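The next part holds the structures, each set out as structure tokens.
Next come two complexes, and both contain chain A; in the first it sits with chain B, in the second with chain C.
Moving on to the complex of A and B:
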């Protein structure tokens, strides 16, 4: 029994200590080994080094095996596709210096640069591109690596530096698929020693510690040449550990929780930008009372998004009005801003019209592993009480959420973040009636038509207008309450400049440089 | 030993005094909470978040500007409810099957104890996680899971008590006078193992409070916005760099409850064992 008491006491203390444990969590093991190099990073003439964090273990270094966006965020420095994207999400030349699209939209002819070499000094030719694409699409007896190339009829490499793709149907989203990495033909060791064409070369990966890259001196594009010599990404899963690593000088730049920005803003430069995510309060459009558009609108009027942004995200989030983040530049419909400004009277009126004068009760099913969404649920519960609507919060495991809510739409309301894509079709297509994971159960004929026609539309302006109209429909129909796009927040040493955000997760190391 | 003498000895025991004042403080907070709370524990005031102790908010405010003291007061209800129901569940079910195993022995004993051993092989938290994953995330299922977790503890204690007494002279005497099994179990043996069961209950209570805190720290069981110490601890952890004091409040509450019950259990054990 004495032992048991000691055990219990120890456990009680452990809980207490657990709260502090984050400060000494993962990453400490590797910090000591780099402490000696930290001084050298600012000395000009010597090797310049940037140390950054990543939030999870790379799932695989081989781009054909990897699916995690964190891995993509760092390995996109090593690998490149025929095309690249810039800060606004626009497609720019990469390995292909130009391309032609036939009148019928079915044939894409890429003209490759002639000065590209892989990191193993092998020159890149159309044979490598053909090899890559055959594998991606599963042509020539290979198993398809990606499901995105099902629309492809054939690939050809008529000469060393030309690559031709023929599609089965015109697809406006096809060009953006070509950001996918080009790999050297016949090279088998991508999973252990990745070889690409990017501005950085892979050096080493120590599991659960770090990934190291170094400058590719032979990079073909002088404008995208790396400005630092070496980059080290430390794998750190705990946000408190990241903050203390920054403060102790073992990281130069780091992605941080919005919550921690206020602690760091005096010593570091804080950059933030919308991350192209839609944090959504989804109401199941097929179940009462949310099958009534007036009820959904009332909920929209009752929710004060600013309060959520300030409390949950410490102000580092961008208010949304439709299922689209402003970071998506040209496709974003900015005419919708200020729709559903908080108006409790209007909300009550709409509820009355819908026959819910005395309010109603419902459940918010929130994924238990996302504290931000649970916190948002608590605030929404509080806000809806003001119009007489009572919410009960139920947290469920992520796997159960995926099953019940995402796949089977067995829920009343939920809160989740929809990850952004470069292609507006992938973002707005989620609300199409026959989209398999349309868990909002939103259905609108005009919307479906617009989504379908925009996909094959060749005229860019018409396509943009279609997508803008789609966003308008979502807002008018109050398909959901679109809350915010939680910003990515990066804290950087004051002398380290140039961190750039992209509409998809990508830590572009070529833009970083030390001042002075 | 008579109850009054046990009680007297307890009062002379330092651990008992210390433990019961810790638990007493938490009970006081809970009882007062039924009649008066400084604020609505769920009312948010997003203009005043993470404020340090002040005369308006004796224990400060949390990340939503909710009054921490009021939330602690409501949180004690959850802890006591979970602790008490878990102990009752374990006592009834564990006590019953332990008695059967101990009293009848033989095959019955073997089968029951093998099952108990199998259950003990599962780590408690994993078992609770599994139950909650299967039956859903709610306070009922949490209590059920913790109750099931506490069965072996009670079963083993009552079994060993029954084994000790089932062949004692006074039981043989009762049996020869024609007393039935029921009478012997309830009137002759059970009263003799009450002290052990009380000690186990006290420790079981502490264990349940601890497990509940652990599970709600992981986001299981108690649903927000209902406060629970474990939940508050995990929320406070997120704010540790901005308001380090906040984490201490729920941690202290858990420590008081768990340590208090452990000390009481120990004191009772000492007192009852010395008597023999």
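Moving on to the complex of A and C:
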């Protein structure tokens, strides 16, 4: 009896092991068999379809109620502003074919295209633009839906295709605000059936499942005409599910975890690019011991960013030195790239100067839903042990993180990714003393002054210099440890070409096309 | 009899009220502002303000609870913060998916569990039964999530027969609908059939040692007939209990399975609503879950008395 039990236990274990071997083995074993299934799915029919994943549920389809970058990444195919941005982040004409800026920098006159129609066939005129901007800025009796237009004095629509904005103060960053979506006047159902002017029309949204868009055949700009007929975005929260969906041909293109790139690279084209995110090890500048700049610098010297990039992101990340990604082009300060090379001796020395010769203990509060940040925390913990500093990692739910850390700054240190914006003010402004969500509790008089003056600065070179100096201050003051810009990694079917990266997360579906 | 029902319904209503009150209270204590969770770190302060107003978060807490109860009495579960849709509609849609999944999984469970259990009860000592009992042991010990990954690897990635994710409504394409539900149903059925097999087996063996079986045998009733008309009926009682629990479980939403296969069912709704602090939706789901548990238990009670007329509802 006993023998039999042992035998059955042994056999059960063998089976179990075999099952697990199947789990891991099939990742590599499947490469030849899947290539064929993924080809068949869309090529044959007349209608071309692209299926992609998104990592989170849209916060709202109504652009006025939406702020999530994942939502913007897909809905920017549906909505357009007066201006658009290109791959380098430069502002290009959109609904407005041209614009004039007055000498004093206070008056912007936009000349609208006359051939733009909304997806509900209503032609676009300056009345729609006026309606949109009145709502954004809270003018004409409307309630403001954005706080970015407080600098506006007035809006006018002198004729059907001209729109004039008068500012209270000149603002070099104003033009880039106009990428914001233009909505049709009087249309109330944006949250359920969004209507824009973009190259794709909204078709359907099934909560927790998918968002479907289709080609706008009447799109005015032939150069930006969609090349595929239909796009389906599947809401997928599990990265393993994304990989198997690609392998089984249920997705055509997907943004993936860097870890998964090696599994997929033989069957798929892998593209990657910095995504203008700053992964940051934030130290609360207002609590001891991190209120001492020397301690923050010591931490910076102790952290080996390359190790994090190679371990956590499989090499798919761009090293950072300040709160700014190199994709920001002209505004990026490349003179900082040799600061804080890993130097444990120097770190220990700085700690000694600050009176922490025997180290100290502290907590890293990491958001539980971001595995990459938790993994980074583990590595930083080990690296800091080398200079005698002991970290305890505490993971908390995202909702709790937003409340405790982000809103109330009740924390010692944390790790998070700050998504990038086209406007350098939106990126660097987070460190301004009176920024409501300055959870770093960083404060520097010169910094505040530069950020404020750069906003109204007319001379572009001075403005660039101001922002570069701001980045330098952040580095010198070690406002935080700026780790990396984790690259956006995209795996695409080999016959699906044209995926294009932008300095902000935008899945531009107009560029995609099937080869052959 | 009428008294029995009145007491049951009254007890049920009190439970529902307390459960709702408790859920409401817990989500007041938990950190997390729903407006901030929905809009994220890039939100404009004006947007957060507007969303908070829309949700009525500026009103005092007791008032909000009373308003919710008032709406409930009028049959209005409120509007989801996250989806801007009526809660009843969201739950209704998700329920449609989950019910299909449940029916599919339960049919598989019964089709596999009952015959294999009966077979094992007679053959468990034979060497050729060993692989079968081991497989059922495996079903008990391997988590459904791990089994799902294995299924996806074999049937979606390697063979390409079935989709690894997504859901097609039955009305749109019945074949695609069945295909999309096959793997998740099998994943659920694998575990629940394993449990069922064990219960059926034990229960049948127990019944076969009863005196009435010996009597029937000595009367000369054929073994097949004893099994069919005496043993099976009596062994069904514990089986029904397990079956009831499985139904409740699956209808309550298989959070993990629905997430792995990206199915828009109740389980997926539960996890998103909690993560986004979508209180109206959570409250609605809690009500739904409570109702499912009570209704399933009630049906099981009724079925007991159908199978065994000696059992009366008291």
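We adopt the following convention: the second predicted complex is superposed on the first by the 469 of 516 C-alpha atoms of A that agree within 3 Å, B and C clash if a C-alpha of one lies under 4 Å from a C-alpha of the other, contacts with A are read in each partner's own complex, and residues count from 1 in each chain.
We adopt the following convention: a residue touches a chain if its C-beta (ideal position, glycine included) is under 8 Å from a C-beta of that chain, and two chains touch if they have at least 3 such contacts.
On a predicted model such as this, the values are computed, not experimentally measured, just so you know.
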Inset, instruction - Check whether A:288 is in contact with chain B, with chain C, with both or with neither, and answer first, second, both or neither. - result: neither
Inset, instruction - Mind working out whether A:192 is in touch with chain B, chain C, both or neither, as first, second, both or neither? - result: second
Legend entry - Per-residue touch tally on chain A - higher for chain B or for chain C: C
Inset, instruction - May I ask you to decide whether A:90 touches chain B, chain C, both, or neither, giving the answer as first, second, both or neither? - result: neither
Legend entry - First, second, both or neither for A:240, with chain B first and chain C second: both
Inset, instruction - Once the structures are superposed on A, label A:379 by its partner contacts, choosing first (chain B), second (chain C), both or neither. - result: first
Inset, instruction - Please work out whether A:392 is in contact with chain B alone, chain C alone, both, or neither, and reply first, second, both or neither. - result: first
Inset, instruction - May I ask you to decide whether A:249 touches chain B, chain C, both, or neither, giving the answer as first, second, both or neither? - result: second
Inset, instruction - Could you tell me if A:400 is touching chain B, chain C, both of them or neither one (first, second, both, neither)? - result: both
Inset, instruction - Scan A:260 for contacts with chain B and chain C and give back first, second, both or neither. - result: first
Inset, instruction - Would you please give the residues of chain A that touch chain B in one complex and also touch chain C in the other complex? - result: 8, 11-12, 15-16, 19-20, 22, 240, 369, 397, 400
Legend entry - Complex contact set, residues of chain C against chain A: 30-33, 36-47, 50-51, 82-85, 90, 93-94, 130, 133-135, 137-138, 141-142, 146, 149-150, 152-154, 156-160, 163-167, 259-262, 264, 268-269, 272, 275-277
Inset, instruction - Enumerate the contact residues on chain A facing chain C in the complex. - result: 8, 11-12, 15-16, 19-20, 22-23, 26-27, 29-30, 33-34, 36-37, 57, 59-60, 64-69, 138, 143-148, 191-192, 206-210, 234-238, 240-241, 244-245, 247-250, 369, 397-400, 402-404, 406-407, 416, 418-419, 421, 436-437
Legend entry - For the chain B and chain A complex, residues of the former touching the latter: 42-44, 46, 49, 63-64, 133, 136-138, 199, 203, 206-207, 210, 213-214, 217, 219-220, 223-225, 230, 233, 235-242, 247, 251, 254-255, 258-259, 262, 265-266, 269
Legend entry - chain A residues touching chain B - in the complex, by the definition given at the top: 1-2, 4-5, 8-9, 11-13, 15-16, 18-20, 22, 240, 243, 257, 259-260, 262-263, 307, 310-311, 368-369, 371, 374-375, 377-379, 381-382, 392-397, 400
